[in-house]
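The structure under discussion appears below in the form of structure tokens.
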């Protein structure tokens, strides 16, 4: 808990500030991560962001097979936000392990792999294969994916499905010796389990019920929120701008929805919640931390301003100094 | 269906354009309404808006008893949007009838009363009393209200409740002779029923299921959408900005969510859908009409620009001229 | 009341982080009396959505064939709306809705108008001081007394202050070292006072107590987040001691300060 | 590649609804070669969120001790991002990320570079024409030929056009009456052509057919909505005839036009 354990070798953190975040057996050097799908596999942003200073890097979703993604156009501009329908475009499990993981292993930040699929077995296949690899410190399960067996309704909208999927996946994650990048992110023990983080969809009536289902299934933490369903129609062409019709709304526009859901979810469960959705500056991040999140992720804001994540980290640190808070996890206790 | 029937005496509408909208037995002179809660009872905006030129005026919610509303502050600013927690503040049924209705009766636009309550009986009491009054052409049922009997979960999140509430209310609406303002909005017949419009909450997993439930209950039309749940936390005071904690998110930020939900709802039911949520210009309105709405409402945009509703009407008219569309209901057929 | 597109005529810094902005006021819009306010669309197309309310700090009526009417306000840069305003230049367009709300009442004969301003409450009190000063010259009321409270000397507005204005600074860097209410507590206005005030809630609460002790009327200029500005949305509610709510935009912004629940979340 | 805050040096209208904007280009950012692009944060704090991509229309390298490097682009006002840009004045700040993407390749010896520009595709082709013109003078390639297609005379950019530039107008108000591809169909370049083009999809599709008929290479500058601009989001996908997708921002924007599925939703 002392300041020195968190400081890393870079000496950026004043003696008394402890920015580390604990998620199960995992320790992140600070609470600021970059959100799945907005930061690729890191290498794309190497010129623009000092990736080693991030708390965590959540990869683009990995599926068993390569996926080309959805038809184009895949993006639309909205008031203070954007829509995407990338559609889990990714090189697939094997290519991920062969081409992306080696570079990710060398990162000093926590590398968390976002896992997706169309069936429960898809998720399991990815998890099983990744369990055999080192250099990964946790899994984020994207349950917003359409469930093929349920007519395409997303896994994440039904508590029963969420609990079952979570349980199956949790059972697949074993205790292991930590090595390389993993060991750097794990300063508590030489052994541990990679935390399974379930990423909640906001397109539900009762986020608390889904959060509890994931907790009951054994999730170590939750991420909250994924994108809202949205549509933009081009009145000149008289077609939806996205080839797929609708897509996922992200960016500052959804921040109030994310903060409300993190507040609700984090007060419904006792596992840690990682907050995201529209965070573009330190004040936004602090709203999430006050609402009950133990860490945050920055997504769309990176497109506007690649420096955003590290500026947010600096802003959180300033806030802690100003408020005399030593441990980042204590920020939520300030909420009145 | 001919242009002349729609033109009203004001002569604003070119011979061939038919802007009228039919909702059950009700005919609105044009598709542009002002949303409940954002236009009071009309009189507040008299200096700024030519109310008689609107298609419809949806009143602030009316409840059986007067309600003072929620503690202050009730508003917060968000990226491209706002939060409100007004809390159904209204003078109550009796004062509405005594003080507000007389002035509303004299309006040339369709006056639709937004009805709210904490129990099914609350809604019924309002409806019964208003059935005895003339000068009203329809009811909009706000099912986003917390249901006292269900621990405060909103009526609008459960299909079973929605269908039952709708059926009880539909049964209470009788056929009647049209008089005064009502007759002006009803050019089809001297008798008719006031349409019951169910206003859907977007805070649900499956808006299509709720839409179908309202249709099954006998709703004549749907309004879609009400506000999204959101929260803003003031990091200086470390409190939610709204005294109530969370509130309803409205404005341009939510427009993509509204368009997606109107698309989904209008393709799930065969009754007309009135679209709203973040409409601030004619292009936004046309997105909703292309998505499947037969009419639209302007809410938050009125705060930014009181002229917005009538500018939007002018823009819809221009679009119809440009595209050679005679009947506003045909706009949705253009969607490709 | 009118929504209109007008033009910035001048903008200048008047104190640390504060500007005075002047703009053309159309003749047919109505009278921008002291205590009344207007709202500005301060930003881009979609953001921010809510118009920003400001009180008039002055108004120069049109002179036929010579110049248009001109309204002024003083604002402090706080967030993205006021940042947008601070970047305006003379000639830039301005989207204004006003005049709105109720202004200050006239002081009864034989009373001393005590005008208390704190922070961004400066603008309306300066305007009221000028108006009552003119009234006093015309023998319509007693001479008003303006008391300004700021954090330190840098926040004293660089505008023409009425003779006899009292400056109070929290840090003693200028004038009286202390709060306006501390100064007021030790001051004998000679005549029964009438309090007029605009400022942060704690200051208003203190003036309220003072007014109670002296059994004096208290006209308070309220502030609350606003959406419509015209009484339609019930968003700008302020709680009264009675538990009732008023709408700041139409029942106020100037309201009987003795009735307001200053302890509530203002 | 770098994100940097720079300064507008000049802005001027160059055609109906089109402007040329110049800004300081820092020495350490990388080379803004023809066909490459950059993105601008064009608006307020929250809106719009997505940076707007533009192709370089020119670049003047720094002269040591005399002046900084200067980049230029030509843009058409289409929505709120470009409205924001059109309102900029010299000295205003500009938030730029670049240079991004792949630029044009050099034409093989003994081929005629045929540069085809339509609408807002003007900028990159003008820059390429200038660069290849200089190469040709230095004997590195054959003289390029620039063919510009616009709706009518008012859209011809008021910039220095290379000698021999062909103008085609849809309405015949200037130059050739017809589309660029109609003109090209009737033209014999003397040497085997290499096509370079930037413009609306139908024009690009026509150039593709022409290139196929003439068995000529076709370097196409693509356009697609972008989010990251650096290959991280897969948002800027463009479909190839093979059914595969490429990322416009890193695989392009200049890509083999013969491989692109111009019929898809571009």
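For reference, chains read A, B, C and D in written order, and residue numbers begin at 1 within each chain.
Going forward, a contact is a pair of C-beta atoms (placed from the backbone, for glycine too) under 8 Å apart; a residue touches a chain by one contact, two chains touch by 3 or more.
Predicted model, so just to flag it, every value in this text is computed and none were measured.
Chains making contact with chain B as well as with chain C: A, D. Most remote from chain A, judged by the distance between CA-atom centroids, is C.
Ranking A-D and B-D by contacting C-beta pairs places A-D first. For this pair, chain A with chain D, the centres built from the Cα atoms lie 37 Å apart.
Between the CA-based centres of chain C and chain D the separation comes to 53 Å, rounded to the whole angstrom. Measuring from the averaged C-alpha position of chain B to that of chain D gives a distance of 47 Å. In chain B, the positions touching at least two other chains are 76, 78-81, 251-253.
Among the residues of chain D, those touching two or more other chains are numbered 45-47. A complete topology is adopted by the chain contact network, contact being made between every pair of chains.
The touching residues of chain C, counted against chain A in their complex, run 46-47. Within the complex formed with chain C, the chain A residues making contact are 79-80. Chain contact summary for the complex, chain A toward chain D: residues 37-40, 44-45, 47-48, 60, 68-69, 71-82, 84, 86, 89, 243, 251-253, 280, 300-307. By the touch criterion given at the top, residues 76, 78-81, 83, 153, 157, 203-206, 228-233, 235, 237-239, 245-246, 249, 251-257, 259-261, 263, 278, 283, 286-287, 290-291, 319, 334-336 of chain B touch chain A in their complex. Against chain A, in their complex, chain D makes its touches with residues 1-3, 41, 45-51, 79, 95, 97, 224-239, 243-245, 250, 264-266.
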